[in-house]
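I'd like to ask some things about the structure below.
We just call them A, B, C and D in the order they show up, numbering each chain from 1.
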Amino acid sequence: MLELDAITMRFGGLTALHAMSLSVAEGETLGLVGPNGAGKTTLFNVISGVYAPSGGTIRFGGQDVGALPQWKRARVGIGRTFQIPQPMRELTVRENLRVAQRFGAGKEDPAALDEILDLLGLAHKQHADAATSLALTEQKALEVGKALAVRPRLLMLDEVLGGLEMATKRTFARTLETVRARFGLTMVIIEHDIETIKALCPRVVVLNFGQLIADGTPEAVFNDPQVIRSYTGDTPA
Amino acid sequence: MKHRMVVLVALVLAYGAVPLLLGSMDYVMSLIIAALTIGGVALAWALLGNLGGLVSFGHAAFFGVGAYTSAILVVDHHWPVLLAMVAGGVGAAVASVATMPALRLRGPYFALAILAYGHIFRILAVEATSLTGGAAGMLSIPGFPTLLGINLASKTGAYALILTIVLLFAWLYGLIRRSTYGLALRAMHDSELATRVVGVPSTHLKAAMLVISAFMTGVVGAFNAHQINFLDPEYAFASSWTVLPIAAAIFGGYRTVWGPVLGALVVFLVDQLVFKELMPSGHQLVFGVLLGGMVILGPHGLLPLLGRWSKKEASHAGA
Amino acid sequence: MMKRFTSAVLSKRRALLACCAVGAVMMASPAMAAEFVLGSELPLTGKLARVGTGMSEGIAIAIDLANAKYAGQHHFSVQTIDDETNPAKAVAAVEKLASDHVVAITGGYGSNIIGPASEAAAKAGLVYMTSGGVAPELTQRGLDSFFRINNADGYGKAMVGLIETMGAKSVAILYSNKEATAAMATYVQKALTDKGIKITSHEFDDTTTDFKPIMNKVKLQDRPEVVAMIGYENDYIGILRAGAVLKPDVKAMVGVWSLATAQMNKEFHDQVQGVYGTSPLPYPVVFKGGEAQDFAAAYMNKYNREPDYLQQFGYVQTMLLIDAIARAHDNDGKIEAGEIARELRATTTPTMIGDVTFDKNGDNPNFTHRMGQHQGDRVELVWPANAATAKMNYPAVPW
Amino acid sequence: MLELILQALYSGLLAGGYYAMIALGLALVFGTMRIINLAHGELVLLAAYVAFEMERSFGWTPLASIPVALVVVGLTALVIYLLIGRIRQDRELNSLILTFGIAIVLTNLILMIWSADIRSTSNSWFMDGVVLGDTLFSMRGEVIFCVIGVLLLAATYWWLNHTWQGRALRAVASNRDAAKLMGVNPARIEALSFLVSGVLATFAGVAVYTASVVFPAVGHNLTIKAFVITVLAGMGSVPGVLLGAVLIGVGETLTTTLAKPSLQELTGMVIFLLILFLRPSGLFGRKGMVKK
């Protein structure tokens, strides 16, 4: 479904991604881990079109999407969330989803919105102001909701569980699993919490200094000495 | 329901009571027509500012292009006036495409790049003598026809025409505002990244607002040309076609649909009927003070009542 | 229509004023006495503020002198509205004046503003009298209530006539790309070309401040005998200063309006020496006729300086209008629709600016301007010969 | 032809020196406060009218009236600064409207006080021709004020780079909050930049009064010209202002010489837009005018 070939991303003198190649199969849930500054979010930004890569190709569903502007990537089915929630200010929760659905999915479908709101537990807050009246969990849920309203085939979640209480985190992880099954999604998840990764992702890749240093099952990856070295204290592995 | 009644009463007053009560006073009608003309531009300007998030300092460019397009089509090619006015809007919309490179500029730079376009269009109008009559301008431009038994060239007719134009534009503005396009546009101001990532082509939408705003301004410019029956580059591209609408829009509340129109009516009529009576040749001074005062005290500070009222109006319109 | 001038329709304030001013008069001849309010729509602010103010002063003098002239019979006053150099506001001003029942309109500056304003006056059935718009189009509209005492042809004829008298073979025209100046340039260019004179022309815009590059083209490429300048004061000063620096080998610098004036002579004395421009009267004014003398005296008394062409034209147009109003009223004690216009067409009055008559379009076919030349502290009339107050200095340039 | 072009270049250069003086004040405020003072042209005009009044009433040469004009224009500039300080929200855009209102007020005050007549110095000393190598002509006033302009530019440049105040001003310009941490009071520095802008406007005004003619409507043209040059220069860059001014000056005179005089304003605007689109941060700009 998603194939990255030799993606390089440079910012001035700094190279954030080194000729990185990665492929994600349809229906797969992939965990993306690595220390801070490893290039995880940069990778998301390159895939979703926030940045144009300095080199390499991005194929999505067999199509080269590297030249597509950001908004068109959403339309071909790449949905993503931001680590720091980016609600559309001035709009209500439901209006946030409406905009995402109208432009990302191409047409409005109130029933589908209801379902998303229900699944994410936002139904009772749908007319609340998105910028000011949501708790952190709800902000995160809205972040996922917007991405879902786009009707993505690939959903990229950037630390969507970060900063949540342990119990909430578990509930949210289950919600994500339900959502994945319901919409038949392929997912890439950036997450620091190993337990969550293990619960959600059959496959994990590790990034360090913009390079892919491990790829495999969670058990294999987290026992890889190179990964442990790179992770210097960042994970309890 | 109550809202419907308000609208109905307002329409009856606007179309019925105003012409009946004031129709015989040419002078007052002229001022109201001029105020609505400015109101129309103010509405278009506010649409671009509010929905597109773009503050323009050169709407006179679109006003002038619309006026010239329509006048030339009528005078040289004998188009019917009302059709030519629509073409005037289209002409301004086309001109706005030429200004699109400016869309990538930030706030004040965009505002002033459009100002430069206004100057360029004006100079072109002076130089294209064979088309525009050059600096001498065009005198005796045909006025409005009689439509459905209403002589639109009369004061009352012209009033009804500009009122209809402004109402149509306000309706269109409201429609866009309430649509998902409007939602996306409003969201773009503070959260452009958030909108792009869910598939909103933000630059395209902004460009579309620019085109629509230019179209509206062009139609109003064309209206003015056929109402005053005269054009020259200096007048058609006068900076007052930019400044007065901005003042009106901010005065009335540019985040609302009706604020700009009400602002234009209040600012222009108060200036002409009150200040000018009090200070026949120094009233522009008062206008300058008003403009500055508005910014410092804030639109809701200077006219709190109107501000609150138009806010309520907006939430009705949005519902 | 008929009630327009009677005291019944006057505002209280004005009626009161009128009573005070002409109280005695009314008692003397109650049957014929009438109060007339003239309307005036003029630019007192905006780009044309200067010329508009000049004309309004002339109008004020006309009102004063008319009240002396018709003392015991009629009383005149003027209601002035600033049009802010804006056509839409000029139209509104005319409509306001009409709704205040003025008897006729005198004023207006700029053909572009006079056009729509005079159409509004026509709609309201009011005579519109001006000296501020010279575009040919104004009198081609078939308005029978529009009158003007001057026109582009008159200015053009004077400029062309002077250049012809000089016997110049080549002329460079420098003109501003404004409405009146561009139209004038076209006229002059055509007229001179028809007479076999070699013409080069340079159009500049009104933000131009440095004329040296243009003047240098004139000096090195055109090499004309005469430079014709068609612009406004700031343009003339710029051109003349550029000339003074570059010293092109020309024999005369000829301008049109706003140049051969007392003010220019005083304020830019050295820079305008020998320069020509249109001028209805010499400076200092030497008046033969009593009226002109009265005008100059009244003006100097009121404003404490010499009158210029702006005031002279404003005065003449208003006086002609007032005379026509008085005649229209005096034949039967009231004024019918169109009667003022009819009386104006019957005008054959010698005025300070020569004989004035009006054709069916309201134009004054007799109008030919005179050309003045700055000679020392004086502006002497040097063309046409029958109006000349001194011999033309030719060749003569300020440098 | 060569002679024409050389004269055009020379005239353009001289004009550039004097345009730079008009523009620098605007550029400075723009650089420090991100504010485009649309009343800047009126400040210049005010100085010109002060010079006129001094010459008419006391027969002073325009150069002698500079101290008086400095006081009048400096105070006016400070008033504008104080008014801008009262804008609560969206200062960048609201200041445009505020200063436009101030411009209207100043224009009308000037009209009321000094009438609409055109004014210029009657001191012929400034108008005398200065000829370089038999082919390059100019008025003495132009040369004097071009030199003054360049000196003022150099002084401002030096002041910005070598004095404590200048450095503080640049610090405020690049990062207001960081400047605060360095112990700089941004409000005081901004007031200072307005004051200096008033000083520059004073010299520019006296130059305009001497080398050209003034009337109330001229202020707007001056503002536009100053703004165009400021954008060409890029965020408050002093060498950029000089280069931009010369570019406009030479562009105008060359247009006059090679094409039509009436197109010279068009040339200015086209240069303006081209630079805006091709080099959005201006000739010497550091920070962009383009959204990232």
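Going forward, contacts are C-beta pairs under 8 Å (C-beta built on N, C-alpha and C of every residue); 3 or more make two chains touch, one makes a residue touch a chain.
As the structure is a prediction and not an experimental result, all values here were calculated from the model.
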Where subunit C and subunit D overlap in contact partners, by chain label: B
From subunit A, the most remote chain by mean C-alpha position: C
Pair exhibiting more inter-chain C-beta contacts, B-D or A-B: B-D
Centre-most chain [mean C-alpha coordinates]: B
Intercentroid distance (Cα basis), subunit D paired with subunit A, Å: 52
Averaged-CA centre spacing for the pair subunit D and subunit B, given as whole angstrom: 32
Centre-to-centre distance between subunit C and subunit A (centres being mean Cα positions), rounded to whole Å: 78
Separation of subunit A from subunit B, taking each centre as the mean of its C-alpha atoms, in whole Å: 45
Multi-chain contact residues (two or more partners), subunit A: none
Residues of subunit D touching at least two other chains: 108, 262, 265
Subunit B: positions in contact with at least two other chains: 123, 126, 282, 284
Topology of the chain contact graph, where touching chains are joined (line, ring, star, complete, other): other
Pairs of chains, among all present, that meet the touch criterion: A-B, B-C, B-D, C-D
Subunit B-facing residues of subunit D, complex: 34, 36, 83, 86-89, 92-98, 100-105, 108-109, 112, 220, 224, 227-228, 231, 262-263, 265-266, 269-270, 272-273, 276-277, 280, 288-291
For the subunit A and subunit B complex, residues of the former touching the latter: 48, 50, 69-72, 74-75, 79-80, 82, 86-91, 95-96, 98-100, 102-105, 108, 131, 146-147, 149-150
Contacting residues of subunit B [partner subunit D, same complex]: 55, 57, 101-102, 104-109, 111-113, 115-117, 119-120, 123-124, 126-127, 239, 243, 246-247, 250, 282, 284-285, 287-296, 298
Subunit A-touching residues of subunit B, taken from the complex the two chains share: 180, 183-184, 186-187, 189-191, 193-202
Interface residues, subunit C side, partner subunit B - complex: 44-45, 47, 80-82, 84, 86-89, 91-92, 95-96, 98-99, 111-112, 115-116, 119-120, 123-124, 135, 137-138, 141, 177-179, 181-183, 205
